[in-house]
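The chains carry the letters A, B, C, D, E and F, assigned in the order they are written, with residues numbered from 1 in each.
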């Protein structure tokens, strides 16, 4: 199965900055996640996307790294985005050290083995993703009652917003996840 | 996490026929899938459910066993049923000998690595599950054009219908999947 | 109009147990409800369906028999199931001794002439039927506040779940109600 | 049960023209349909409503009188309007001389015992009622292919539009149908 | 672009009462709004429509004239009705003396520069328009808590109901707004 | 009314690159569009957003600049995003030299005064925005039949995807459009 409906560039043909970035990921992960190659068909858009991604997913802040992946998996599942559920599901399993977490969050986060604070975080993220026009003060209050700051609220909402974009790019390009992702993080906790 | 909102019977306290059935499953699978214990709270309903299940899932017919599990996983994911997606996802991976199949079918079967015949099968199953009142002759024609008989159509639709029930029982009881299911069938094909 | 898209067995050709059951119904009702003949095309599935039906609809418990029919009519109307609305609407009129009840429940149960307890029962049933994944503790509390036990909650939810199956089988088979049902229970109360 | 959330005028207190009209209906029908009393709380609006109603429902044209009632019942059922389904269901049974017609059209017009021309008529009416913004030339072509003129198309769409108003007024006022309607037209054809 | 899918009558060919009415509007507005010509294709329906319109939009009462236009614009935007959003948006800008009001109400009234009382008014109107069957006592209480009488509630709901009709007639006829409307009321407040 | 729920930075306090960019916009437009100030609360995210925006909206390609704004307005209206509809509506009116275009596209693009090619473009954009998981080969074929290349398809889909993000950020921050936007481009064509 093709990894994209659109032409996929050769690594060697990419601009130097994108190639370096991709090689660094490859060294760390052991493979090149398809999203890098698929989006690199448009280098300027790819640079903007990865800059946006890092600004939200790699920064310090009130949300744990596993929690950010929960947001990605829950909203991407609601959007039926195969690439994001599979790739970020793998990262979630690894960061949460829990092989069951990805399927729980993707299928029905209301029944997942998470804290009530995380449940509130996902309720907010899902509202931004699915009915953003209805977000109002009461939603911010609900987050604050679980100890989230308003900056955390921005993070939660902005991650949901970024993957609203990402999910649609995956659908547009018919992006396929790498086979490697399916196997990552499946070993049980001890 | 509790496996049910409702009382869960002790195996020893169950009627003989249900206990035997459950012990047989345990011997084969190595554990007792929670659905047996959760539904056994109501023995008469449990007997009817398992009889219905076997009549559709264990019979001979035009649908392969992996294909029947595809129907369960696709429609259960649309209904956000954690138990059925996780348990039948495991069975699907094993029967399809494909560790990627369950997440593909659960997240977006339109992008799964399946045949066009299987795609037509899932389109029909999803229509029965989500908008049954709109099923009409054109849907049967579409199945026939992929080589399905009308008896196959009954099988597809009836499996979707049975899991419409099953998904709702899982939501009603807040049924949790066994931890074992998450790990099954994850080894890559060779 | 055919009563099913699929072949309908002759009564004489049916297995003895199904034939006996159907003859008993015919003796009591004066006619054979089409659901028996349509589903008997698959004897094993038919046996399981009727066993499930009786386990929920004929048992003792906190729900009255008319109330169980209310659940069937309300959820089947939401699913646009002609057979179930017409057949169970007739039974509801008879059991409730109220010729107006079936249309009220089928069209808009919020405006029906029922108790607030029955309204709560139908709100719960509709949530299980339409958005089961959102059922949570608050819904059980609402039932308890109207005097329902948790076993009653199981009954309400399980009836909604069974007719989620039944409605889809009726759509799959294009099942038509018997003409007799339309006229039953139309005489006014005195 | 009150027939309206709002004050209901005494017949004697109504303006002469409305009172005469209502007495004429009473003489013909044997009772005063509640819609007349409920809407007469606002005489000017009531006059406009009944003028609109008669302009569409009593005029000559390509649609039979039973067919117009089919449009009312199908769209009102989709809007869950108890008053309109019960009152116009009764008129439909009488005009169609068919005691089964009202429940068939209200529950699932796709499975009703109607002609393919009437099916096309109801498809058009439902689209105007439910997704009017999507009505386009293809919908008019479909009507023409069943022998409807464009003036008939106006009639179909305008009846659906008028009952979009009527259904909402019934919900606003919590209008209850007269008990008499439930019993009308239930006798079987011979 | 044609202003209607249907024949549009010559002003001279119209019945005297409709022609007089239209000439009066023309004198006041400087042009003939297309709705008059498009609906006049059916004089009896047109008379009823304009009588209904005036009974609700021109009467005295607790709602200001700009507020009534807010209801029209909010519900018509939800129904994607180009004619009503453009024509009544213009009237709203003029009556509210606010060039920004129409786009705010049409796009997302929750973020418009209106009072909390007006917000409650629009919440009620939208519920009548979009989910009238769910209107209940709690909705009337919400209005009363903002100082609306029950007669005001009727006005709000009835305007929403009338434009449910009007929007569908505009879709049916593919009614186009006059070019003049787009420019009206755009000058900023001082 | 505040322009954001979150703190809005002083221009003087911004990093040099963002300040320069904003000053350049101000010089060209005569005012600082609020989106720059609202998003600059998070400089890294703001940089990524504007880079993404320029990569899609300022590039050469098969889509005209007015056409790109049509995509923004149509999808933002479907998401009920006040900021994007008002700000990009203004740009659309200017680029299309048509004061009526923004309201037509925002309210119901199916009835707008656009070419059939533009209609196909908006159908594709709306599908990516509202039901991206259903985008398939048939949608690309439809674009090609109107002369769009696959690179154009990427542009259309990517703009819809970017504003899926943008609309959600506007909802999250309760972003308000500048008063200036409402008045721009309202003068009629000659």
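Assume a contact is a pair of C-beta atoms (placed from the backbone, for glycine too) under 8 Å apart; a residue touches a chain by one contact, two chains touch by 3 or more.
Since the model is a prediction, treat every value here as computed from it, not as a measurement.
Under the contact definition stated at the top, the chains bordering both chain D and chain E are C, F. In this entry, chain A maps onto chain B through a rotation of 180 degrees when their C-alpha atoms are superposed, rounded to the nearest 5.
With centres taken as mean Cα positions, chain D sits 28 Å from chain C.
Distance from the chain A centre to the chain D centre is 51 Å, each centre being the mean of its Cα atoms. Inter-chain spacing, taken between the CA centroids of chain B and chain F, is 44 Å.
Chain contacts: chain C has residues 80-81, 108, 133 touching two or more partner chains. Chains that are in contact with each other form these pairs: A-B, A-C, A-E, A-F, B-C, B-D, B-F, C-D, C-E, D-E, D-F, E-F.
Residues of chain A that touch chain F in their complex: 5-6, 41-42, 44-45, 47-49, 51-52, 54-56, 59, 79-81, 128-129, 132-133, 135, 140, 150, 153-154, 157-158, 160-162, 164-169, 171-173.
Every residue of chain E that touches chain C in the complex is listed here, in rising order: 133-134, 136. Those residues of chain B whose C-beta lies close enough to touch chain A in the complex are 1, 77, 80-82, 85-86, 89, 99-100, 103-104, 106-108, 111-113, 174, 176, 179, 182-183, 186, 188. Remark: chain B residues 108, 110 touch chain F in the complex.
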